[in-house]
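First the structure, in the form of structure tokens, and then the observations on it.
Read from first to last, the chains carry the letters A, B and C; within each, the first residue is number 1.
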């Protein structure tokens, strides 16, 4: 069943000024409950604007965002309630930490949501566990944490609101490979337990291809593709014309295929590539 | 003698009892492009700040172009000679007009106005930002800001530029802009030390040094270093997918003389293995 | 959105006033402010006004912008005019109870209003035609002699430069933090004054933390670029007085002469 839908969704910045710019142009899509959606596109492709329309931080200039079939702007005064159902983690979320302790900071969202004491305690501890923050860290000041811990505390602050849809804008930006892999694994584990819908914006095609069920490709405000990673990444030329890359191994396998080797398209991981190459070698009796 | 020699550096910050640097030695030759890898907290940023006398080691010596960094009289000459470009492009720009920002370094050095003008124009042309010289920095993209920051260093006419994760906060096109600029500096004969997490950037270097918990783990030519896939993975460092695939094929019994690092090299290697 | 707020009112252009040396502009602005207060009759004020209108015409800034700057102070003009109208001495031309209006009062009101308008117009002329960077630069150079009194002229100018550089960055950052906290359900629109101020804590604390972090990183970057205060520092841009600037100074001198002559030979109003 679809949880979130966009209908003729448009957004234009600075209407009636010389700086008028169409950031999002007529997007239509429907996302099912429990899907992980990767969102890729060049800087300025409109992906951030799109993401911020999902939880009503930006109001569409025309068109609708439907949550469970209802327009989120049906009653503009109630838009705050939408934000508890569609959680949004901004880029570099650690810069929004403010409270005395990590615990209090994570509980900011739940308190705004109007949860009572016991509920708050439960949800804060659960969220902290998902991102791997120990009880000891919860009593520390958020400003005393390491960079990676701050990032995870900030993400916990959004997870603690227990949103049905979670939007993450480049959650791994600026982390080292170790921190990046750890965080992605935690997000995926959270997803597997909570079974909610996730939108993840990223520039890392390797990461996106690993975790997304479907990928939205945006370019100049348009939704150019919306399909499985395999299908999306088999269109190498189209992606490259939009200034996007494909995972390196996908590109290698595509070049081999073009040279006439019998290799399927849309290979996304090193393991898949290894399997295909070894198979080919075995068939030819070279291994 | 090497352009930069660091010997047995040890260092700890006041508020920590752990040694951030625990006996690091390294050399950088004139005109060389060295990539410094390692995950956060391994001490690579600390090393970068020691190369231009922003930090002094507790133990050990850093020599830059025959000058010792602990010699206070030489501090400014060393900083002029070894420029440092930092991670966040926003926090490196001082003035609200690009050309005035680029002029900041030479102005501090007390250079003649007409000479500053020439250097600023040259530096902006090298990084390809000359057309933007009268713009305001906050209207530029991340990659453009970082290029302006590089121009600001170039205007001091250094013989070496150290980059401390210059692309970590940029999008892929910004990263490419910065890497192209680094290639341009190298072509001009400027020594480059690049600290990065991105392996596709490190493979462009002449030499790679991998650090781990305050020490040098391995160093060598990129193909030598990246062929040690299991060691790098053990220290949770990335390996280019091209290298990883070749490594796994070797594990399956395929012969490989030279580890491929780039897409093209890997395609060539696979063609050879599979037979035309 | 906060981002739309722009600091300063500089309008880029290539008019005569734009091309003037900013130091000359500042000095002439101060001169004109003095002139305005040294006018003692309508004739002298007329000369001064004419000169200011000439400057505005030459400034290559749409007149609409000047009207906008006047809009802000319209209340002040009205209040001062009213006070002056009713406080005049002499024979009333209109009387209602204790309120009386005299001819002298009306003259005074007009005189004071024109003075205020002139003041605003000539100050706007400077801010419209001079970029904040040029202004800072000119102030630094004009204040240089104050070094004798141990005033840290260079440091003050450097602080102004950095402030100008970071205002847009911090405004953008405020916007981002506000969005992020709104996404966590922060309610910043409803409630009374105190509730609204309280609701700003989650925005202000991260903003301060970030400002300090930026300040620290900027200091490192400045040291890396060999910054060591104002001693021994040169500047890329040197300011030279051009014929245009001498012309403008001459013009101002002529205006001054006109004002003095009018003041001496024509009857005073106040």
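Assorted remarks:
Keep this in mind: a contact is a pair of C-beta atoms (placed from the backbone, for glycine too) under 8 Å apart; a residue touches a chain by one contact, two chains touch by 3 or more.
All values reported here derive from a predicted model rather than from experimental measurement.
Of all chains, C has its CA centroid at the greatest distance from the CA centroid of chain A. C-beta contact counts were set side by side for A-B and A-C; A-B has more. Chain B and chain C have centres, each the mean of its CA atoms, that are 45 Å apart.
Chain A and chain B have centres, each the mean of its CA atoms, that are 30 Å apart.
Distance between chain centres (mean CA atoms), chain A to chain C: 47 Å.
Note for the complex: chain C touches chain A at residues 173, 176-177, 179-187, 201-202, 205-206, 209-210. Taken in their complex, chain B has these residues touching chain A: 39-41, 141, 168-169, 171-174, 197, 200, 236-238, 240-242, 244-245, 248-249, 252-254, 263, 266-267, 270-271, 273-275. Chain A contributes residues 52, 55, 57, 80, 83-84, 87-88, 90, 93, 95-99, 108-109, 112-113, 143, 157-158, 161 to its touches with chain C in the complex. Residue ranges of chain C in contact with chain B, taken from their complex: 131-133, 161-162, 164-165, 168-169, 172, 213-214, 217-218, 220-228, 232-238. Here chain A touches chain B in the complex through residues 42-43, 146-148, 173-179, 181, 203, 206, 243-245, 247-249, 251-252, 255-256, 259, 261, 270, 273-274, 277-278, 280-281, 284, 286-287, going by the rule given at the top.
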